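Okay, got some structures for you below.
Shared between the two complexes below is chain A, which has chain B as its partner in the first and chain C in the second.
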Partner chain A sequence: MKLKKYLTLTRAGIIESLQFRLATVVMVIGNILYLIVVYFLWKAIYASSGTDIVNGMTFSDTLIYLVLATALFNFMEMYTVWEIGRSIQSGKIVLDLLKPIEYRRYLFWSYSGSFITQFFFTFLPTFIIVAAVTHGAIHLGLNLLFFVISVVMAVSINYSIDFLVGTICLYTESIWGINIMKQVIVLLLSGATIPIAFFPEPLKTIVYYLPFQSIYNAPLSILLDGTPQPQTVLVTLGTQLLWCIVMMILSRLFWKISLRQITVNGG
Partner chain B sequence: MKRKGLGFYFRIYCKILAQDLKSKMSYRADFIISTIGMIFTNISGFISFWILFRSFPSINGWSYYEMLFLYGFSLVSLTPVQCFFDNNWSLRQYVYSGDFIKYCFRPINLFFYYQSEVFDIKGLGQLAFGIGTLAYSWAKIGLAFTPLMLLKMIVFLITASLIMIALQNAAAATCFWIQNSFYVLDLAFRFKDYAKYPITIFSPVFRFIFTFVMPIAFIAYYPSLVILRPDEVPLLSWLSPVFGVVFFLISYRIWMYGATKYSGTGS
Partner chain C sequence: MSPIIEIKNVTKEFKVLNRREGLRGSLKDLFSRDYRTVRAVDNISMDIEQGEIVGYLGPNGAGKSTTIKMMTGVLEPTSGEILVGGNVPYQNRTKNAQEIGVVFGQRSQLWWALPLVESFRLLKDIYQISDADYDNMLALYQSLVDIEPLLHKPVRQMSLGQRTLSDILAAFLHDPKIVFLDEPTIGLDVSMKSKIRTLIHALNREKKTTVILTTHDMGDVDALCRRIVIIDKGKMLYDNDIEHLKGFFGSYRTLKIRVDGDLKTQADVIQNALRDFSVSADDEWISILVDEEKAKVIDVLGQLQRSFSLRDMQLEEISTEEVIKKIYEEGVQ
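Now for the complex of A and B:
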């Protein structure tokens, strides 16, 4: 019974996201364009470096990493900050808070339909194309299983961070600025735009101690590691799990405290 | 209707600008946070740039400082579109809700009145950042600094801006025909991220596409060649001011055509 109410939200989300077909077409064009630019840019970088392996990654490694990072981004970007911010500005949040379901869960599950459509329509095709085109540069074995586990935790961490930042909107009522700051920090420090292997030394160490690298860098490096050592996989997944729990507690706690602050203009 | 002169429009612009700034100042927190967000975006863009290119003396025959010059050039040339044409982002909401009809009843140029309503001060931070980057790379490359160079620089910066403005106008105008034009606008906006790379890194096919089909190369590459490589300026660079004006006029026509076809929502 309990699961049913969540799955209803999922279903509504799937139907809703299938409504915007034109948006999907434009998004796919945008992504292809981005990947073309990325391809030629990194090709030029590898050509000028003179070696085949830069920072422990070959050209095809880097390319697979970046292509899948883009696919993961489409899959994970939930626009939570916008959603919360707009609900606060319009007053809709009052109605959502009255629902017999925790707000944090409600928001997640009402978005989960898009996870499913995004997974089948963008992530899976991208993954299959990349795997086919690169002829076995992606090792197909146990690492796939670790990858899936890692992505699930990445989704959770990403959502917690989004929710935490969205909660700030309760105080500031500014959406654009808060959202752009979050987006810029997460995309850069998670290794979504540049693999963390390329970061210079002090920065790299700092980034590994932050939660962001668990979102993109962790699942992708697990996937690309052809000969996984049990120890590295365990450390990566363990770090993710730790951040998963920490961020979840933090975002819940912050939301609970902030809810007392709420002022809503009409509704 | 009598045609109004430039002086008239200038006076009107100042009056509307003052009103806009006053209304922005009443949301001071939002303004400050948005400005910080904009600074974050620029810093992160610069860090990404530095991480990518710091370890290579040159990419595809372009030295680090020449790449930096291109980057600064694109930042400065993107400022006008950010500052003066930011209202394009709201166009689809005005059209959708029917509020757009209010602009149709003013005895001044519709396009002018609509765009003048919002002035985005955040863009000025980007301008300062861009000028700083340009000046730094200018000094590092050891380019001469003469009044003629400065004049060329200004002319070609305006050229580059016109291209981006034209792209954004045309993208925003699609909302007169399709419902959800946000994705189209977002796609056009993402072009700016690709403008900072020299077009020579692409294969001939894409060089052609990025020059004639999607004129991304005119946002920074072709105009800046006039300053950067004065000995081997291609014809396209000299022609870019013409292209800029032509593109702008075309986009203005599309925008106005859409606006005059607009029939309101009936409310």
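Now for the complex of A and C:
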């Protein structure tokens, strides 16, 4: 019965996102253009390097990685920062706060519907096409299960970070700059735009101690690892779980403190 | 029975940064710690009983919204005590949310892209309304207004009036004990206004819902409220029934007419005919301030029609602002 409260938001999200067919089409076209750019960019990089393998990745490895990263981005990006910022500016947040559901959960579940549509409409087709075109470059086995677990945690970490950044809007009352900054940092340090294997050594070490790589790098490396060692998988998933918990606690705490600030000082 | 809302000596202060002007000032503001305290609500107390419709009036910036936000739990009072249905709202916001419904005039809580019925279903699950209660409520709505055509229309395609109506229905859906309506009739035409007033009145009667209504429209107040509370600059000016206030300022209405000929000279003629009321004229209208305790506006109009050929007429109610001005000038006993 309690779950129904949340699943109804998922349901509405699915219906809502299906209303905007044109938006989906435009997004798909945009992605294809982005991927064309990526293709030629990396082709040039590989051509100029003179070898077939750069940093332990072949051209097709890199391309598969980046295509799937883009697909993953489409499905995980929730524009939470925008949403929080906009509802603060318009004052709609008051109405959301007056729902008998905690705001952080309310927002997450409102978005969960578009997760599901995006997963089926963008990620899954992309994955199937990539798998078919590359003839078995992606190992189809137990790693798929680990991948799903990993993505679930990635979604949670991504949401926590977004919510944390969105909360800052309560103080700044502006969204644009903050959102752009967050997006650049997350996409770069998570390995969504450039595979982490290409990072210089010191940066690579730093990145592995940050939560961002758990969002894109972790699920993709689990998926694309043809011969997974139980230990690597365990470490990757374990790290994700740790970040999952830490970021959730942090974002909740920050929201709670900020909201108190607002109820005391007014917005 | 104890009151549903108890407010005791509530004060709310905000800290506001003192803004300076110009580019240099804006740059300085970035590092400024120069705050001043604004008292938005100043020592207000009132008790509201279950089932009352209370008109909460005051000019813009008087502190109405701040009071409402404190009652809903979005703001915490600086000092004083608020109890809503026995809860302290800001401490139990989520629990309190189950007991209240809100409509904020210009904003909608409905799902923009979805048909109204989907919003209702969402609210049904969010507020965990049982199937039986939900069906009863929809049946009640159907008996009050014709909602069938609205139910299947996406909210974004609705007119402002339809949306406001839908928002009010949505606020009452989970049968809350209290509904806050913040300027529900703003920007609506006369027929929609009256439709919405009738609806609010009926829902209050059927469900014994307490309604707190803020508005600038004296028509809303006249149609709905027995009791009114007036605040200005955060201070409570008046808290009593509407009859009392009416008796105090009299039931004045301004009748405006246009006649053939020079308005100034005609005004003098009318003044001679109507000795009881003051008549004045500007470039467009002749205004007659009618005290309805002495004569009905309609009778005055009839009398005028017999001796003048009227080209146009207008009737103006006394506005909240005028009432407040009068209270300030003359005080309330």
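Everything below uses one rule, namely that the second predicted complex is superposed on the first by the 262 of 267 C-alpha atoms of A that agree within 3 Å, B and C clash if a C-alpha of one lies under 4 Å from a C-alpha of the other, contacts with A are read in each partner's own complex, and residues count from 1 in each chain.
The rule we apply is simple: a contact is a pair of C-beta atoms (placed from the backbone, for glycine too) under 8 Å apart; a residue touches a chain by one contact, two chains touch by 3 or more.
In this text, all values refer to a predicted model and were calculated from it rather than measured experimentally.
J.: First (chain B), second (chain C), both or neither: which does A:94 touch?
T.: In the superposed model, A:94 contacts chain C only, not chain B.
J.: Applying the document's definition of touch, where does A:172 land relative to chain B and chain C: first, second, both, or neither?
T.: It touches chain B, and chain C stays clear.
J.: Scan A:198 for contacts with chain B and chain C and give back first, second, both or neither.
T.: First partner only, chain B.
J.: Would you check which partner chain A:29 touches, where first means chain B only, second means chain C only, and both and neither mean what they say?
T.: Only chain B is touched by A:29; chain C is not.
J.: Pick one for A:242: touches chain B only (first), chain C only (second), both, or neither.
T.: A:242 contacts neither chain B nor chain C.
J.: Determine, under the contact definition given at the top, whether A:210 touches first (chain B), second (chain C), both, or neither.
T.: neither
J.: Looking at chain A, does chain C or chain B touch more of its residues?
T.: Greater contact footprint in residues on chain A: B.
J.: Of the partners chain B and chain C, which touch A:48 in the superposed model: first, second, both, neither?
T.: first
J.: Identify the overlap between the chain B-contacting and the chain C-contacting residues of chain A.
T.: 20
J.: Tell me, which parts of chain C touch chain A in their complex?
T.: 12, 14-15, 40, 66, 69, 72-76, 90, 93-95, 97-98, 100, 102, 104, 107, 109, 111, 113-114, 118, 121-122, 124-128, 154
J.: State the interface residues of chain B toward chain A in the complex, per the touch definition above.
T.: Checking each residue of chain B against chain A gives 27, 29-30, 33-38, 40-41, 44, 47-48, 51-60, 178, 180, 182-184, 186-187, 190, 194, 197, 201-203, 206, 214.
J.: Note which residues of chain A are touching chain B in the complex, please.
T.: Touch list, chain A to chain B: 20, 22-23, 26-27, 29-30, 33-34, 36-37, 40-41, 43-45, 47-49, 172-174, 176-181, 184-185, 187-188, 193-194, 198-200, 203.
J.: How about chain A: which of its residues touch chain C in the complex?
T.: 1, 4-5, 7-9, 12, 15-16, 19-20, 90-92, 94-95, 97-102, 260, 263-266
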